[in-house]
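Each of the next two complexes has chain A plus one more chain, namely chain B in the first and chain C in the second.
Right, the complex of A and B next:
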């Protein structure tokens, strides 16, 4: 991989003789169009949330305006409940990020740089939970670890043992968030460790450092940006996570900022203005974290990527080779095996209410009724089609938009291009639940009849995932030298044709992985869509969540299994159709945060 | 090759566009019903539900989308019985009344209301929906309307009270033996239930508002304070609480009788208490949406719900009918006390609206609930 080169383009080459004025207008056209697009997609929703935090009426058609300006809504922030939610969010976020970093970092290290047993298997173990949406994991763990009716506790009771586990509290929330966000840390740290310049370690060894010293003084310090990036990413994601907090935290009375916002929105009558005020607090928290992280990383330079072929030395784990594998297996069991078993068991059990785990097997109380109900359900069929259509459309359009914006920002000197980059990154600081709220109000207000269609979902996902798309596209575009495209222009092609015939083909592989990333993010998304769906436009994630809220746990579990299967198939197909995007997506250089 | 790729992309985009903007319509199910008399009128249990022209049009329409705040299980039984009687399909969209309300208002404001018929509880919610012009009047047949108690009809038929559901409490009969089971509200204050009981947050809908009103009025504020001191788990909706109770996450909890009874018919190990102090009754209002394109099917559905067949079904799962001369509700072998026996606590619409806000604030303060 070559280091990114600076853009240095002789501008005159592409615009030879046309008149200055019309060329100026033409030059401004594309950025203007993009500004309008991004303003509608991103700025308007965020603006509406801010506006409604300062007014007394919830934005609905016919009831928007600047009348009734007030600061009263911000009293909601300082209420005892909100303060507790703020504190909980911070504590849970920090604790679960630390744990996720520990798990992800450990797995990354042993799979990237050691002779641990079962390396390939452990790499797979580290990635696998990515395919399991965090709230499906939370649902499974609430089935497994409820203090009284959790399957693990029922099993313990069957065996004459006391209750063994209770996840419906702060510790459970930290645990579940950590195991499902560990893959993000794993990916970032793994990429950093395996793309490291071996010369630096070699130099240390030549000068007599022991392997342990090399690790301590060279290897680990070089992964600092990856660790910091992963830490901030996971911190932001866990703080803004809604569904896991709702499923695991709320039953135990543990409120976080996102669940608090959700509750205000669902109060009767809805308290949307206070929700908006609390939402702004959440955005502020996330912004502060992002700024701190950028400060820390930008202070030093951490060069890790070299152009030469790499052969990294392998660290000998010695007696720890097997225990390391066992630790990896423990993570595998907790993150994937047990949850899938729990979902399958509840799905197959003949009654939604399980009183004994062992009896269910001995008395033959398992059948496929619930599976059949779900597979033949019209609602589920429609939701599956909706999910796939929305995900594919959002990923296609998202990749396209991200490519165009990123091209304008990185490869042109068009006026106002930097602003486009900032707007594209903005949704990162806006938690999904807040963005969802803003998107709802936006599309209810705009006189375009898209609310109630799948299009509004696509739009929502486009907005929510713009940062990931933009970052993916940018890092790909920066890899390709400007000269290639310019020489096509020199030989007579116009700019569009040069992009289409030269740059785009070269970008096929990286753009495919951007597409794949957006596809997976869209398939897993629940929160942004939560306020936007209507009866005809329910997605699989929504159907699962609805059933869960309606106390129909068995169907929820059965649909979750189907959902995981659909995600798996789509991931497989997308990989088959596209290029092999091996270890591609997060580049260690940029500390790129991604939303789940 | 590039042209080919381009064509494929465009074809895909066009197909996608079609799927995105239009959604599949319902299937027309025009199965003729055995309940039609010689004139083609729909007659169930000797009662005229719909005249032949209305019924034929309804069959043509084939199905309805039913937004409801009632429990999935109880509404499932209603839908099944209605489809059996009329051949018209019902698609249920169930949400707790508070969320349903926001959904309906948003959809209606955008001109996208998906509901043909709406059933929900909560006096503030139903009047709010009516004020937002969500409903249009439904004409009942003379036989159906003639048998209703006068209080069941609101605003000249804009919406109806379809039955009174009753909020009581229950226990998981696998975890709690009959001998140890709480019989009355006062028993719920026993230290034994610390951390094992549950209640639904006050803002969930008309149900919880009515329960809170009853608890404050009949049991007193001290009862609520003492109950809150036992650290009950607070659920978001009665459906979720019923599930938690059935699975044994909690041992005792407040539940709407019909919700719990419907769940018990599907195997939930829940026994329902009929406490001496009484229980809270709250209306479930029913009306057809002003934007429905299946007005005939919606009309048939509402007529059937208010007819003796619909009301008997309600009574059979523990709801109190709104027709004259109907049997007392039953839950299995247990017959609930008569409506006028003093068992039911019922607040008037005005009373409910007046106390709604202060009750909710007091409740949240007592339970330390955020908001």
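Right, the complex of A and C next:
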């Protein structure tokens, strides 16, 4: 065999090289396009909310500008009603976060590190409520725990007992928020506990600590960052949560900042400027929490992750093995079983008014009429199609946009790339209800006829979910060693081709999970779309909420069940289609060895 | 093909990674860029590859100007036809070995049948003919390195760049592959640029070694030359010279070891502000091994470290000043810590060098006229 000849004119040697100036302009083109996109998606809506807070008119075509500058709107935030809402938001947020953290942390600990009975089942229990949108849970609990017509109270009456429960108050709100946000805490703490480097604990054992002392002095302190991170995340989510507060809180007159904004917008005439002023307060609260979190977490990020999948010691719970399982089952019943039963019961009951739970079974008052109504209902049909179309489109475009943006930020030296990252993360600090408000004004204002179409929904979801998409795409891009792509370029592929042939295939699995995440988020999203829908563009989430608001309880419950089913099917299908590993590739995620 | 780099400068914001670096490599030559991490060696290589855009300078390979800041020429990396073996090997885990090696050929739009034939041929060249259909993630480190090599060879590059090609391998494998690599490079007449921080690797692989410090080449010469005559104490230190002692000039062929009363006879040296006497541990003799007439220094034995084939002795010759002397197995020193010892220091084994060479790009390295004759200056 002969050695390859090494004298060879490089391909494209005769092509003229571009001049500096034009290559500079070309370099700036991609970031410029992305800036324009993100500005329209995110900055403009936020900007319009700020503008409205300081002027006397809300933005609409022909009437936008700095005329009528005023601070008058901010009187709204010191009114008695607003002050009460601010206080409620904070108290409910802190209390429900603490409870969610306790539930999630407990489940995470017993499933990650102990010999509790039914470990795998409990892990499933910890994650399951994530599939249930919080407002479906809230709807179910309002059916279960209403003071008079709540199913649990009716059941108690059937059994000759006094009323047992009332969730339509602050305590109920804290309870419902906590059980539906506990999975977030569960996930974060579980990851931290199960990826911990076992050496750290073994070192403590060797140096004389009992297993209990190891937990107290080493294991738990090492999970502090995860706890803090989860706590702040849940705090932000609960403070900005609109639908649960609306469903559980409003009947009892309990107002939080998001419901207060909603009320101002739905007043006749709409008090948009005041709503904007209150919205800014809400943004400020969330922003402060986010900044505090960044500082706290960045200061205390202990590098404990071993990531080698080493076997961690298992804590023996002793007599507590069974009680721990029972506690997990209580959570399972409260978060999933009872709500689904309640939704099913109300759906199957022959009239929206339930006078006795036990009689309903004995007197044969259960039938499938409501189910049939829902399944054949044009409204529900259309909403289902709308939901699926919007979710798929938003997830696809969102993943693509997030990939391009995070590629530019993480892998290029293009001018202005850091700014793109910051803008992408901005919606995290902007509560959905505020973003919805801004999006409404944006798309009324822009001379593009998308308001009232499904496209505006897609746009809204793109904006709202940009942070999650960007984070997902960034972390997956950073997993792939830069050399892998540079190497393709050195071997003759141009940059776009190198991304297409090497980076994108390697990122197939992580990008698929980003897509799935966005798909799920889009399927559940309610609040951002709340100001944007019209009769023709209602989504499933909106139909459920709307029906509940209008007292059509049965259809709301039946749609919720259908909705859960659609989400389950989509999650299953997407996973099957997307995560199927390529032929002959044992571990598609593996990357090259990292530099020492 | 030959490479010519002229006035290359690479800035990142305020920091300068490469300063006005010039380097000529002739066809078939193997040049190793050697230096500590952060000295600019990898940056220089990435500039040649086109993965970094220099702030100034010119890069030419053969007759092709690849980069010229003044004329605004900057050929993109995929059109430079330069082969590169990355430190991480960057073997694409989603492709088979054959697909990895065939990639550059596909990019060159070689016909399908030729792609297969040439890829297999190249794999055989590196001894991996049987591995063609293996998934790339199932390879060992040494195999990955050879796949990376084959992938670059397959494209018939005008030059090869190898970024720490052996650093991810364990010591024994490193030894063997180093020899293989050198043999292949000479056999194919590959113009190669290596980057490494391992002096032994550099000595074994290079026709010429370019020693880099702070973005500059401070010395470039053949391995034996650079080993025998480093231009500065810091280069000597990097090349594994065991004893680097601060000294003060006494006369044209004498220095006093700072902090001691010891005066050493040395070959003639150039005066500089801070001088160091550099002596290899293996060039000195101990006890009975000291030849008659050899210059000697009295000291006290501090410790002996047995290393198998050799042993290293630490000997104090003054307050806080130590010599490290290597003795062979056959001439072991009998003695306990604290004993007085005589160390033989041949005059020609001592090199008196400046700590650093300043701006070697501007002047010949050895030629450093300095006015300061301040004998009293105590060098720390």
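Just so it is clear, the second predicted complex is superposed on the first by the 557 of 596 C-alpha atoms of A that agree within 3 Å, B and C clash if a C-alpha of one lies under 4 Å from a C-alpha of the other, contacts with A are read in each partner's own complex, and residues count from 1 in each chain.
Methods note: contacts are C-beta pairs under 8 Å (C-beta built on N, C-alpha and C of every residue); 3 or more make two chains touch, one makes a residue touch a chain.
In this text the structure is predicted, and so the values were computed from the model without any measurement.
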item: Which superposed partner A:351 touches (first chain B, second chain C, both, neither); value: first
item: Which of chain B and chain C A:36 touches, first, second, both or neither; value: neither
item: Which superposed partner A:492 touches (first chain B, second chain C, both, neither); value: second
item: Touched partner set for A:284, first chain B, second chain C, both or neither; value: neither
item: A:455 touches, of chain B and chain C: first, second, both or neither?; value: first
item: First, second, both or neither for A:483, with chain B first and chain C second; value: second
item: First (chain B), second (chain C), both or neither touched by A:330; value: neither
item: Touched partner set for A:148, first chain B, second chain C, both or neither; value: first
item: Residues of chain A at both interfaces, chain B in one complex, chain C in the other; value: none
item: Residue ranges of chain C touching chain A (in the complex, touch as defined); value: 1, 49, 51, 64, 72-84, 86-94, 96, 103-104, 107-108, 118, 121-122, 124-125, 135, 137-138, 141, 148, 151-158, 167-168, 187-191
item: Chain A contact footprint on chain B (complex, rising order); value: 13, 16, 19-21, 23-24, 65, 67, 71-72, 91, 93-99, 101-103, 105-107, 109-112, 114-115, 122, 124-125, 128, 174-175, 196, 203-205, 233-237, 239-244, 246-251, 263, 266-269, 369-371
item: Contacting residues of chain A [partner chain C, same complex]; value: 1, 3-13, 15, 17-21, 23, 481, 483-484, 486-495, 497-498, 501-502, 505-506, 582, 584-588, 590-596
item: Parts of chain A lying in touch with chain B, wherever the complex brings them together; value: 60-62, 79-82, 84-85, 146-149, 250-253, 255, 260, 263-271, 351-355, 378-379, 382, 385, 389, 392-393, 396, 440, 443-444, 449, 451-455, 458, 534-537, 546, 549-553
